[in-house]
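Each structure below is given as structure tokens.
Across the two complexes that follow, chain A remains constant while its partner is chain B and subsequently chain C.
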Partner chain A sequence: MYEFDFERPSTIAEAVAALATEDAQALGGGQTLIPTLKQRLASPSKLVSLSGIAEMKGISADGGTVTIGGGTSHAAVAAGAGAYPALAALAGNIGDPAVRSRGTIGGSLANNDPSACYPSAALASGATIVTNTREIAADDYFEGMFTTALEEGEIITAVRFPVPDAAAYAKFEQPASRFALVGVFVAKYADGVRVAVTGASEDGVFRWTEAEEALSANFSVDAVAGLSASADGLISDLHGDAAYRAHLIGVMTKRAVAAAS
Partner chain B sequence: MPKDNGIGASPKRREDVRFLTGRGKYTDDIQLANTSYACFARSDVANGVIKSIDTSAAEAMPGVLAVFTGEDFVEVGGNPAGWAISSRDGTPMHEPKRPVLAHGKVRHVGDAYAAVVAETPEQARDAAEAIEIDIEEQPAVIDMAAALSGSTFVHDEIGTNQCFDWGWIEDNREATDEAIKNAPHVTTLELINNRVVPNAMEPRASIGDYDPGTDEYKLYTTSQNPHLTRLLISAFVLGIPENKLTVVAPDVGGGFGSKIYHYGEEALVLAAAKKLARPVKWTASRSEAFLTDAHGRDHVTKIELACDKEGNFIAFRTETLANVGAYLSNFSTATPTFLHGTLMAGTYTVPNVYVNVKTVFTNTAPVDAYRGAGRPEATYSIERVIDKCADELGIDKIEIRRKNFIQPDQYPYTTPVGLSYDIGNYDALMDTLERRLDVAGFEARRAESAANGKLRGIGINSYIEACGIAPSNLVGQLGSRVGLYDAATVRVNATGNISVMVGAHSHGQGHETVFPQVVAEMLGIDEASIDIVHGDSSKIPFGMGTYGSRSLAVCGSAVVRATEKIINKGKKIAAHMLEASDADIELVDGQFTVAGTDKSVGFGDVALKAYIPHEFPLEDIEPGLEETAFYDPANFTYPSGAYGCEVEVDPETGKVDILKFVACDDFGNVVNPMIVEGQVQGGLGQGIGQAMLEVGTYDADGQLTNGSYMDYAMPRADDMPQMVVDHSNGTACTHNPLGVKGCGEAGAIGSPPTVVNAVVNALRSAGHDVTHIDMPLTPSRVWAAMNG
Partner chain C sequence: MTNVSMTVNGKAVSGEIEGRTLLVTFLREGLGLTGTHVGCDTSQCGACVVHVNGEAVKACTMFAADAEGAEVTTLEGMANPDGSLGTIQAAFQEHHGLQCGFCTPGMVMSAASLLKENPKPSEAEIRDYLEGNLCRCTGYHNIVKAIMAASGQDVSSMAAE
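Entry: the complex of A and B
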């Protein structure tokens, strides 16, 4: 990696101030950024570690909402988000133990890798992304592969998830990285069902509205058995072409519904 | 009670104590005083003419000590191919020079065209990025068939991308063609044996050191064969006299073939160390390992099997394109030829076999021997086409193999492709496989799977391989430029413990445990008093190293021969001490005893006498107790096996689970059953990796598109099935003193066709008209095969 300055502030305010430096970059768990730096594919002037900010860590459940600090590790969510079992299960199946111990929910959502797991949970849950300056609805947050509504220097301090009546995440793993080749998160709320798909689209996580409508009318595997997702705009790579991913969207949706039912 | 000492015992691997406690000492762990660091500037285009290289900015950067380009090595030799192969028309192979650093052209992504040496690794890397190169890019030569018909060349000076066009055996050609033309049935299969990246746990690393006071060089490097590396550097590349060059291969974290070869980085650090008169270290990144380690396999093959309607084999004929990459790596010409074509009769009595292999230069990393080296390619072709033939004729997969097996009373059996199998019993192996896989119960298990919505398949395979490489006279006739003996020195110390210096190098095989078992068995002493010395050319006799499952069969035989000499000399000394005749002395349980009496002296007393030779018949016996033996095998050893597995395919996703894998091998006598089991399991891991997960993929521009673990899938623990390893059917090798055969590569040879046969079987059982799927059998490929 190239040389950079390093700061590890203990408050959000200090972090925001530290990030004001030109080409400064926030460092969450570093699960994407550190390998990128080691490959010399990024050259930030300064890394501002968010790992020392106590107010960004932890999980609380209150009145049908689970709130997770942006600096909370996947392992902590897996162990502590029992109020939202599907979310805890998702977190517990990201990467391997080392990844889960370092990686954070805020880091994952800020990076918005098109194959990451968390974006599907946030979008399917209609979560609220809380930053140091504002609150962003998940529907407005994800803007495409590795692109979000975050402004320069903006930090995800927490994520609020409305707890659904039923939910499940079904992931089909890419054989090498074990990121989602296709992952489908299904969440059933009183006012309808939301279905979010990760891993599949060139535009990153998206909602499969056709399935949402079918499932909102009838939350059952049968309701989506006849649906097929469009292959338009889906990723084709070494691990599967667009047609295969489109097929897997249907299969994983059914499996998520079965697991949630 | 199982033995706890000597041959047949399974002591825990003594080397694991240091490996598992972090005390292994690998090349990168060696830190010489005043070390400097090398970083290589590598091409990011696959094929191009170097118009200019400007190193001035790099040279001016902080900490930079020297910058090298190909120009600095024009006067030294190239890294040679170890085997000379002739084409069918008698012309020699094309053998373009492989320079230390690219000169004039770059030929694959990762090809090093310059190197920087600096005070720190970071400074070296900064400066390497500052080197300016102007490359006139040319179209990349990637696809082998297109390479042979195209007009863009990897090596312009030879004017073709074909290295050679080899026929084996050319005299079989007409008869085989005729037999196939007239056969009642011919099964044809086209297949790809996928390119794999070796991915040893430890990336390559080298330290060059030079002492101006003595003009001596020392190279620490990740090698499977320090003497061979020294020979290549001395005799071919840098011309350093062998007596002035020491090569040390310390602990090495896996090789799988990729660390047999000499690489340019080793020459660079030596040359740089001399220029700077200080140590120069280089350690590959994982990315460099992907781009520059010699890859494995990469064959495209058409195979035909001719037989009668009952499935009695008449002929095999193959046409193969074998990728050698951008340069000829040291064994790259032997691997697709004599390690492949000679195995194309398998375990079968087939009267006609003809093999044609065209090797092709492409703008990709060099391709060379990788665990199994040619024999996996042969086994895959044979065992896949047999399965297809059985399906076409409606014959049971086991029955068609059994009816063509060479029978025990036919040994020694000379195949139509030039090998003489000394011994084996393929039906016995198949019997054990049927029992341990419970083949009879398969249909019931298939029904259970079906009830769960899964397609269950069974795959059967019979492999044979030729290893324990190799008889020097034979391989010399076939084009080898080296001998393939090995050597051992047994040094009994004055206090009776023993150091055994061996030419074989252990980088995962467990030699430090196994060789002492052999010596302990012969001498009747505790193996704990015996240690192995390996890896340092200044300490060990000239042996050829470890590859081709040769360590025990060849080097172990040298250990036996040297130990026999120790015993003979010990008898003479004991006879003197006991005032008896040599001929009456026997060695039993570590005691030299006068036969039929209770007069004896211990092994330790004899050792002490040898080194303190008072009252010693110096006119008849030299003092000391140290003996060396070189052993050149009379033949290859021929391990064989019956492998089987069961898979379940998820028809919705194409995902394959291997439920159980049974490997029944004939390794002859087994010295350490636990280590043999581990070797087979490791081989299965690599074979299953190739079958299910791995493929090095270049795009049309010559970029390795999966050069990291994000996209290159290595097998993980949960990709591995339940494994049953059985070696109860050993038929002792007839020509080496231990009766052993090689076991290191078997798993990687026998498993890929077993897995593919099982998956095809599963799909066909559900009515899918699938005859073949190319490896790796990723979910998307299997799903596409079902929904094609």
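Entry: the complex of A and C
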């Protein structure tokens, strides 16, 4: 790791001010950023740790919406997001217990790893990403692998999830990394069903609109049994080629629907 | 260099660190607490697991500066006050839950946080909880058995291996 300054502010306003320095970077749980720094793939002049900011932690549920502070750990969401069980279950299955103690929802969404779990929940739920300057709809937020609508120095302070009538996340785990080889989040709302796929595409998380239409008409495994996802633009690597991932999208969607219904 | 203060195994400690000083480096090199091991240094193996404010974390993937004011417990804090082995440690010894012992500090610390959350875990729950703790020697069986025994459950039906 190259050297850097370290600041640990206690309010969002102080963190925003600290991030104004050139090449300063936010530090969430560090579960992605610290390995990146060790490999010298990032060399910030200063890290601004968000871990001491109480106003960015915690979960509240109110009128059909669950709001999670951007600095809330995966473990805290697993234990405390009972108002949205599929989301709590997703958080409780990220990585391993020690990763869940430190990793945060804000860090995961800011990083937008193409195999991360949270992006699928945010996109399938039509969540709102709340930052220090604005609110961004999930549909406008994810811009491709490791790319988001966040500006330099912008901090995810909270994420708001409308709670669906039924939902489930089905993850086919890549056993070495524990990330999703393919993960599908299905969420059923009064005005339709949303299906988001992670782990599969070279453009990162995406909505599988064909399955959404079929499930909105008939929320059952049978409705998606005949569908097959296209392998175009899907990831091919040593863990699985594009055709295999396309197949898994169908299987994981069926599993998620079965678990949700 | 800045100063960091925290409580480690019940004792107030402080020391000079750089921004990039990892918690594990501060514990091992700053405080001489070498019970916490570094296996992979890439947050895969869990040899470096310690507790920070009661939660299991990989000390190789946390900065010491982020532990300012925290309560940290390391393997050294798992022994009884008279220096004899704590319950989990004694169960690892009794049930041959280690061979080379390199993974053991992390295994013991993860086991302690599991038993705090779930005092009577099933075998499947133990294996699931240890997902982030790798052992290259034992094949895990006796680690699982030791944790079962430490939780006060009968392990006589688990094969000796």
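Following the convention adopted for this analysis, the second predicted complex is superposed on the first by the 261 of 261 C-alpha atoms of A that agree within 3 Å, B and C clash if a C-alpha of one lies under 4 Å from a C-alpha of the other, contacts with A are read in each partner's own complex, and residues count from 1 in each chain.
Methods note: a contact is a pair of C-beta atoms (placed from the backbone, for glycine too) under 8 Å apart; a residue touches a chain by one contact, two chains touch by 3 or more.
Keep in mind the model is a prediction, meaning the values are calculated, not measured.
Looking at the shared chain after the overlay, A:G192 reaches neither chain B nor chain C. In the superposition on chain A, A:F172 makes contact with chain B only, not with chain C. Between chain B and chain C, it is C that contacts the larger number of residues in chain A.
In the superposed model, A:G95 makes contact with chain C only, not with chain B.
Using the contact criterion defined above for the overlaid structures, shared-chain residue A:L47 touches chain C, although it does not reach chain B.
By the document's definition of touching, of the two partners only chain C reaches A:A75; chain B does not. In the superposition on chain A, contact of A:L248 is made with chain B only, not with chain C. In the superposed model, A:G240 lies in contact with chain B only, and not with chain C.
Taken in their complex, chain A has these residues touching chain B: 39-40, 172, 175-177, 179, 181, 237-241, 244, 247-248, 251. Remark: chain A residues 1-6, 8, 27, 30-31, 34-35, 37-38, 46-47, 49, 51-52, 75, 95-99, 101-102, 178 touch chain C in the complex. Those residues of chain C lying in contact with chain A across their complex are 2, 18-20, 22, 41-43, 46, 49, 52, 55-58, 61-63, 65-66, 68, 110, 113-114, 129, 131-133.
For chain B in complex with chain A, the residues that touch the partner chain are 125, 129, 287, 652-655, 693, 697, 705-706, 709-714, 778-780, 783-784, 787.
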